[in-house]
Structures are given as structure tokens and as C-alpha cells.
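Chain lettering (A, B, C and D) follows the sequence in which the chains are written, and residue indices restart at 1 in each chain.
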Amino acid sequence: MERIAIVTSGGDAPGMNACIRAVVRHGSAHDLQVFGVCRGYQGMIEGEIIPLGVRDVGNIIQRGGTILRSARCTAFREPEGREQAAARLRTAGIDGLVVCGGNGSMQAALQLSAHWDGGIVGVPASIDNDLSGTDTTIGFDTAVNTALEAIDRIRDTAESQQRAFLVEVMGRKSGAIAVSVALAGGAVGVLAPGLPQDLDALVSFLHSARAARRASNIIIVAEGDEAGGAFEVARALEAHMAMPIRVTVLGHIQRGGAPTAASRILGTRFGAAAVDTLRDGDGGVMVGIRGTEIVRVPLSEAVVEPPCVDAALARLIVGLAG
Amino acid sequence: MERIAIVTSGGDAPGMNACIRAVVRHGSAHDLQVFGVCRGYQGMIEGEIIPLGVRDVGNIIQRGGTILRSARCTAFREPEGREQAAARLRTAGIDGLVVCGGNGSMQAALQLSAHWDGGIVGVPASIDNDLSGTDTTIGFDTAVNTALEAIDRIRDTAESQQRAFLVEVMGRKSGAIAVSVALAGGAVGVLAPGLPQDLDALVSFLHSARAARRASNIIIVAEGDEAGGAFEVARALEAHMAMPIRVTVLGHIQRGGAPTAASRILGTRFGAAAVDTLRDGDGGVMVGIRGTEIVRVPLSEAVVEPPCVDAALARLIVGLAG
Amino acid sequence: MERIAIVTSGGDAPGMNACIRAVVRHGSAHDLQVFGVCRGYQGMIEGEIIPLGVRDVGNIIQRGGTILRSARCTAFREPEGREQAAARLRTAGIDGLVVCGGNGSMQAALQLSAHWDGGIVGVPASIDNDLSGTDTTIGFDTAVNTALEAIDRIRDTAESQQRAFLVEVMGRKSGAIAVSVALAGGAVGVLAPGLPQDLDALVSFLHSARAARRASNIIIVAEGDEAGGAFEVARALEAHMAMPIRVTVLGHIQRGGAPTAASRILGTRFGAAAVDTLRDGDGGVMVGIRGTEIVRVPLSEAVVEPPCVDAALARLIVGLAG
Amino acid sequence: MERIAIVTSGGDAPGMNACIRAVVRHGSAHDLQVFGVCRGYQGMIEGEIIPLGVRDVGNIIQRGGTILRSARCTAFREPEGREQAAARLRTAGIDGLVVCGGNGSMQAALQLSAHWDGGIVGVPASIDNDLSGTDTTIGFDTAVNTALEAIDRIRDTAESQQRAFLVEVMGRKSGAIAVSVALAGGAVGVLAPGLPQDLDALVSFLHSARAARRASNIIIVAEGDEAGGAFEVARALEAHMAMPIRVTVLGHIQRGGAPTAASRILGTRFGAAAVDTLRDGDGGVMVGIRGTEIVRVPLSEAVVEPPCVDAALARLIVGLAG
């Protein structure tokens, strides 16, 4: 192993820069030449591969986004695109590749391995926490805290105006952000994929809350929820009670911002571990974390959709609504 | 003047609690009995008037919202409602009233003065900065900073994904938040009431920005903009260019959160000044700030819609877009 | 089990309020009467035991500190003090006690069990992460993030002025905060209990960094470090190089603030788990977390000093200094 | 006027980057060539003058510190140093110079004008708010808010532990930060240059606060206070009461961090106004703000020490302590 590259792919996640920094510096410290692939798989196909030195990654650990930029890439879905990407890596003399991204990026990494001989190591980075074999992903903790800050602000005005709020959070097919935010934000309910949809119970809770003059009632809705987005849920709730429900869709603010300590530490440890894995000649795996230990998981297992959110936690949220 | 009351009315604004604290403590220090009217004019009509002691307002200066709660009140629009409110104040033996709120609340205060003999002093508190006779209002600085934090987060992902974003901010009929956020956030354009709507110039800017691979392009849209909300503007822009425009509506998060230093200081100074004004027997005015000095403005002048946003500042934003 | 109480003890930690809320509401939902002991073991000795209802713990999940207050208590170190505390619990008819605090509080809980028959369950809450049998404690994640924000600010001015900074963080005998902050903050070195003290290597790093015009050099020092606090270390460093070293002692800001999502979720899950443990009749244990699972650990094992900080992580910090 | 330069000097202040961005882009938009002088007057003496294009200042408006870096420069205090700096500006063909800094930097700018014919325009940037002729300076609002966040955190633990805290804030000879922070933070007292030092009154307040079990008592001390720093004041207070007083020195964290909206807007408006002033041929002045209007002040008037802090505001703080 002499020349390795890192690519950040799919939706950007806070902490990706910490991972890039660790790959570059840990690789350099072990006498590897490190390169960056710009703009995800799109840049790989176009051969945008640049050398990265120790100084190029200074003062970035605290920045959201990714200095290598990212992009979603349709061309990579075709074998021709992947073949072209592999050819670019060969031309650049790359032996090992670190793919930093979410579920889709890991699936793409698996597909790339059919076209390219080098070692591939995945690093789970996604605000959605949508990979198996790891307790969590780079960026998830930051996204949850960003959403939580927003909830805290909304609670101030909800308390003052005695209103019910539906807040839609990100997560694509995963309800992980929704459940964490609901638990931490003191929400009275959460609607997310994989959880039982009990709008009736919610309606009856809101009725009794109003009767008891409970000040603020915040309900978290995952964007991927089967009941539809927050606006649809609001309409359904309003149909059952003469009470306006405010809706807030948090949107892209959940993706950016300075990463939390947890996201930076994860990015740093994963980045160094990915380099070590490549140096061990152990390709085709994703690094992950279990408790406090770094683990290696076959890419094929990592992309299995993780179990739906913990129903016990969801019940706890409702039980604590007071 | 022996017994005074404070009411917070309309949309809550961060810093209202600092004002309540100052009215209670400054009043008490000058041997006044201080009362709080709960839930705005609605609570006034219903006679929800409670005594407030020095300890009741401890540890609230840092909290968003209003401990007295607020509400929009339709009954107060009718003379009967106002008469009932005045009767409640008489029953409670109130001599002076501090009304803390935005433009609508000051108009209501003016109307109340036809029904009630006590002294009325307004305190401008509104995230919209929508009153004349004062440089700024309680809560405006906080709302601008909250929106700005959101813009900073969006910029991270916009940079990483090289995307254009339309961000809708609050402000009702006022473009004040939009212009401040655009200036502070390095936006490439701003659409707000009272500003010339030059979508063509925006389209041509975005075209050249894309040609030059300019990374992030953020445009701020005021909720009250004539061109319609952010979604309408996005559709209009997309019709002229083959490029997706992302939309984020910041919504109610702009209303809550711990107030900034400026909002707390303003709340504190205004609260104390309002008490002093009542003690001087100088009713029918709103306190305000001009530069660093507290001023008094007749309520009738305060409610005049302030001049539209500074077109020179809006031009500066576009000129600095780079 | 019919009547349970919760006490928060020792240094307060952000997330304690989430735990109090969960104990009260989860307990109430299972038909227990819940009480709060004010001001730690001091209040227990003085019999300050108050009933806590579901509404008493509303709108507190986002607040730092503890609504029950805390205190360090010297009287409890004597058997007479503990006997008195036990008598107070008997008088109040308490069957089960949840003790929320750090290492010292768990030791005190163990001692109390010799005087009192009720069930005792510990909840690890300490910014120092100083207990065995759990991956982490309530408040630790918040303290790390607070220190990290401070580091980010210092880095801005360090970069601008090209200066070296020593930043002292909390942690008493534990270097856990120091190592986490150094990893997440991109520090060039960390001095903490249990780590090898290599000032010479640090001096030589700073020399070469200056030669290379490396902009900012931040070194984290744990308050409990054997080399003495940050001021002593700075003097030692300055003796070896003609270069001023700035010192910042973060101090008590690390203890307060709105808890992070992780601290609130931990507080909530631990609180509910503590109630379940009492209901199971399983006293004399502390709840903890291993990976994503809640566990129960004998109190006697929990108070064993946890292993010193991970030397591999400390080496990683130095290796990534660039 | 064809070629202008900007230098940031003295202590860095958040918002300096917004000013650099505005000077470069507003200058470029008016067909000026813009240069940056690195590392303050030190870099000017050494001829570190680099061209700055529109793209060089992208994505910096949200960053603390200054991309041009700063330094304190002893050589500039001698005429030889200033002559050398002037020679460097002549060699680089600079016609106009924007000096962005605090009181010391403006004094240096005045001195430079004896050696150099070009136009000089000052921009007040200092966290200390230590210049006359302007309501405020770039960075002051950010520093106050940063200190305030720290106070809010300390209050959490002070409330929980029922302790008195002395918090030392920055400001050099100015008490401006101290008074603003005390007002906004609900402090019970403030000790700052130019204010009457009434330790006796403070002692008696703390005694009665303890008697009344007032939870938290926070006192703000300016670093430049005649009574000595916070540690000296604490010793003096402790000598009069059997009660420990905790001390926190906020230090350099007050200098960094993402600038607030107010600091960015001020930096932006001042930067553009400085360019306009140079284009008008109006050198020897500092731009400032009065209320909402930009003004121009002779440099000789700007450097006059501003009046000491408003004693009325200091009295208000004490009056509201409750």
C-alpha cells in the first residue's frame, strides 16, 4: 500500500472533515501518499483526484460540510460509469480507497469492487444513522443536536402561546433522528417509520392536555413517515380537534454546522482506523463502533437496512409526556 | 402612581422576560406594587391579573418567550372587549400599564386609552422591528442571529453540494430581518417588501455564478415578499434555469431561544424607562432607543408603519456578492 | 415499593434534570409516589424531602443544573450523619432511593445502605466520567462540547496571532474530558493523569511548529494533571523556548448550560431504568450503559476507579498534530 | 485612487473578516486594486503585501479572527519602523490604506500619516469598544454575547450549588464589556474602571442574599478594574464574610468565535464606507456609527479615550439585583 485516496459521497455530514484530516495525517505518518477525490463518485469518474498534504487539512476539524465536496452521481449507477471510475483510480496509481458516506455510498463502494482491484474501506458518515454494524455514524449526533436546539426554541414560543407544534426532522427512511430528538426534546409524541401510527391516541392526548392547560405540546415527525410529512399529519390531527396545529419543517439546517465533539471524535477515530485497515490489507469492510471499540464489518453486512427504531424508546417518550 | 401592571401581547419576542423583570424590580424599588396580566389582552379581558414580587422574576432574564404568556385576542377588536378590559384594570386598582409588544399591540394600547384613565406606556417588543420612533425592538437582534446561525449551517451544505438555496425568514410586512440576515450571512440576493423585485438580475447572477463554479449561492426571501414565499420564487427561478433551487423556511425557530445580550439589555433598559415614564405621569407614549439614548415617542407616532428597508443596504448586499 | 425518592448529589451535571423528570414521570406512571430530596445528602440529613408531581418536572429537560439543587456534605462522612439521613428517609416512608451523582455520591450511597433498609439505585451523573461499569455518565458529553466550543473560539485568535495556548479543562482525577477535547479540538498535545508526561517532546514539537510557521498550537491540560495546572506547565514550557505561552482556565463554564442530546437521552433512559430496577427489587446497583444497552452494575464495582485514559487515543492526538 | 490596502492590527476582533471582504469586493466593484497587509504593522514593515481578489474573500464572513492575521509590533513605535512601513507602501504603489483595529491601531495610523502621503481611513474594530466618535466597534457585540453565554452556564451551577461567583471579563482599560454583560446577565454587581468601588455595599448585599437564601449571586469584574483582578476582589470579599467566592476568568474565549450579526453587519458597512471615504479623497478619518447612520470622525478625535462607562447603567444593575 503506497497511495491511498479518500472520497466523500452522498449527503454531506458534519465530521467528514475530521475524517479527511485523520486519513491524510495518519496516512502520511505511515509514509503513505494521500489523495482526495473531489465531488464524490462524479469527481472520481471525471478524474478529479488531487494530492493532500498534512497542511492542506489544517484548521478544518471544526468545519461542517466536506472540503472535498460531494455530489449525487447518476452515472455511477451504470457499469460504464463504475468502469470509468476504476480506470481513473488505476491511472492515478491508487492502491487503497476510503469511502466516507452513508448507505448509498457503501452500496456504491461494493459495486466498485467488481471493477477495481484496490482495497476499499468504508467509513459510515450520514446524518441518518442508516448503516448496520455500527452503533452510530459520523454526523448523526450533530444533526440530532441541531434539531434539538431548534426544538428548544420552538418550545419557548409554544409555551408562551400555548400551542401544539408538529416538527418535521430529517432521516430519509430512518426514524433515528426523530426518536432521539423526541426523547431529548421532551416531545409528547413521535411519528416515524417502523413505529405504530396511533393518531387516535395522539388526538386524545392533545385533548386532555388542552383540558389540563398543558402549555406546550411538541410532536416530532420523521420526514419518511408513512403518515406523510408534517403538513399531512397536521391536517389529520386538525380534523379531529378544533385547535390549530403549527408545523415547522427543519430542513437542511440539520445537515450543516460545526460538528459536535462526538462527530469529530468519530470522524477522527474512523479515519485513522480506515488507514490501519488498508495497511492491514483488509479491504471490503466498513469500520464501525460498538460501545467504545472500533470494529470492522463486511461491506455486504453494513448495507443491510438497520432494524427499525427501538419501539421501547418510542413508548418511553409517550410514557414521559406527563 | 401606586399600582402598575405589565402585559405582554401579540407574538412573543426574546427579551420580553428581561423587560418583565425590570418593570417588577424597578417598580418595587420605587415602592410601586407591580402586577402581571397573563395571556395578553385576552387575559386582561378575563381578569387574569396576578401580583408579581421581586423573587417571581428571578432567573428568567435568560429565557426566551414570556412568563406571562401571550395570545392573539379577537375580542379586543370590539369596543365591548376593550371596555371589559378597562373594567378589569379598574377593579384591580391599576394606575399605570406597561404594554410590551409589536405594532398591533401598540395600536391596541392606543384604543384602550379611550376606555381607561390610567397611564399607558408602550415598550416595543417584536422580532419584526415594525415600529416607528425607535432604532430597534426587543427580540429583533435575537431573531436575526437565530436566522443567521441557520444560514451558516445551510452554507456548509450548500458549499459541499454546490447548490443554490432560497431561505425564507420571518418579518410579516417588514423586510428588516431579511435585509439584516442577508447582509450578515453573505447572501447573494434579498427579496423583501419595499425593495425592487429584479428576478432577471438574480437569474443572470446565478447563471454566471454557475459558470464560474461559485460554490454556494444563498438568497434570502422575506415571508411577506410580494413575489410570494420562497417556494413561489424558487419556481420562478427554476423556470429560467436548468438548476434545482433548494428551499428552506426557517419558521418559528426564529421566535424562541435565549435572548442575545442586545435583546436583554434593551428589555432591561426599556422596562426601567417605562416605569420611570409612568412615575413621571407621562402616559400615552412608547419608549424607544435612538443611538444609545432612551427616548419617548407618542403612541400615535410609534404605530406609523416605519419606512421600508434601506434600499442602499440592499444594493450593498448585491454589490458584495462577488 | 410505593414511595421512592431521588437525590442529586455532588457537583451538578447537565442532564440531571432529565433524570429527575424521568424518575418522577416513569414512577408516577407505575403508581409510585415520588419525592425529591433537596440539596443532596445535606438536605437528606435535614429532612428536606418534598413530593414531586408530574407537572413539577415540566419544561426542565432542557435546563442545566438540578432543580433539586446539590451540595457537598461533610456531615455525611460521619456515621451519625448517615444514621440521621436514614432516619429521615424512614420518617418520610421512603422505600426506594435513586442517587444521581458521581463517584463520591455512589460511595456515599454504598455507605448509606449500612444504615437503611430501602432499595438504593445509583445513576451515574458527573461531568468527569469517573465511574466503572458504564461507558459514560450524564453530563460528560455536555462538558466536552462546552469545552470544545471554547477551544474553537481560542483557535480563532490563536490562528490570527500565531500563538501557542495551554487550555486547562476540568475532570478532577480523570483525564477523560482532556482527551476527548484534545481529540475533537485538533490539539497538538494533551497532558492528563495516567498519560506519560513528555514535556521534552512537546517543546521540540513547538519549536518545529514555529519554524514551519504553523499557525495555532493548542495544548490541553487536565486540571488533575501531575505536572501541575496549566500555569505551571506554561512556565515549564517557556523555560525551554523564547516564546510566550498563553493560558486559559475554562473553569465552571464546563459545568452548566443546556444539556446536549446525549446527556438528556442518557438522563432520561437512566431515570426510567432506575425506577424499573427499584420496582424489580434489585437494589444496591448502579445503572449504566454499554454500547446502546442499559446495564446494572453492583455499586461496589461502580466505584472502582475506572482505568486511566486510553493511551492509544492520546498517541493518536499527537500523531495527527501535523 | 487606484490601489488600496487593508491591514488588521492589534488584538483580533470577530467581524474583521467581514470588513476585509467588504473592502475587497466594494473596492473591486469600483475598479480599485485591493491588497492585504499581513500580520499588522509588523507585516507592513516587512513588506508582506499581497493582492486580494473577489474570490479570496469568499466564505469568510462567518469566521472569527482575521485571515490577514494580526500582531502587536514594537518596531512601529520608533520613527524608523514607521518610515520603513511607509516605504513599503510606496514600493507597492498603494494610494489608500484602511486600518482596521482598536485604539492603539488608530494612534499608529495617525503616526503613520506623518511618514506617508496616501489616504488613511480607520475602521474601529476592537472587542473593548475603546474609541470615541462611534457608538460601538466591530467585535464588541460578539465578545459581550460570548461572555454572556459563559455567565448563563455559570448561573446554572451557581443556582444548583447556591454559590457566589466572581467572573472576570476582558476590556483592558474599558469597562464596556463588564457593564453590558452585567446588565444582560442579571448580575448583582459590577466592578469596572470609572465606577465607584463599593465593596462594602457588595458585602452587605451578599450577606442579605444569603440570609434570604437567594440562589445565585454573580458579580462581574472588568480585567482593568482598579480593585485588582477577580482573585484579589474575591479575597477582599471573603475577608468580610465566611463564605467562599468562586472565581472564573473568561480570558481569550471572548476574542474568538463566529461573529454575531451585529459584528458582521458593522464590519460590512464599515468596510464599504471606508472604501467610499478613500474614493472621496477624505483621508485622516475613522468611520463610525451613530444610531443607524455611518459617520466620519477625524482620527485625532477618535483616539481620545471615550467617557468612562455609564454610571446610570451601573446603578440600574444594582437596583435590579432583587
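Definition applied: a contact is a pair of C-beta atoms (placed from the backbone, for glycine too) under 8 Å apart; a residue touches a chain by one contact, two chains touch by 3 or more.
This is a predicted model, so every value here is computed, not measured.
The minimum number of touch steps linking subunit A to subunit D comes to 2. Look at the CA centroids: the one farthest from the centroid of subunit C belongs to B. Separating the centre of subunit A from that of subunit C, both taken as means of CA atoms, is a distance of 28 Å.
Between subunit A and subunit B, the centres computed from C-alpha atoms are 35 Å apart. Of all residues in subunit C, those touching 2 or more other chains are 152, 155, 159, 215, listed in ascending order.
By the definition of touch given earlier, these chain pairs are in contact: A-B, A-C, B-D, C-D. Those residues of subunit D that touch subunit B in the complex are listed here as 18, 21-22, 25-26, 29, 54-55, 57-59, 61-62, 135, 141, 144-145, 148, 152, 155, 159, 180-181, 183-186, 214-216, 258, 260-262, 264-265, 268-269, 272, 290-292, 313, 316, 319-322.
Residues 8, 11-12, 14, 39, 63-66, 69-71, 146, 149-150, 152-157, 159-162, 165, 215, 246-257 of subunit B touch subunit A in their complex.
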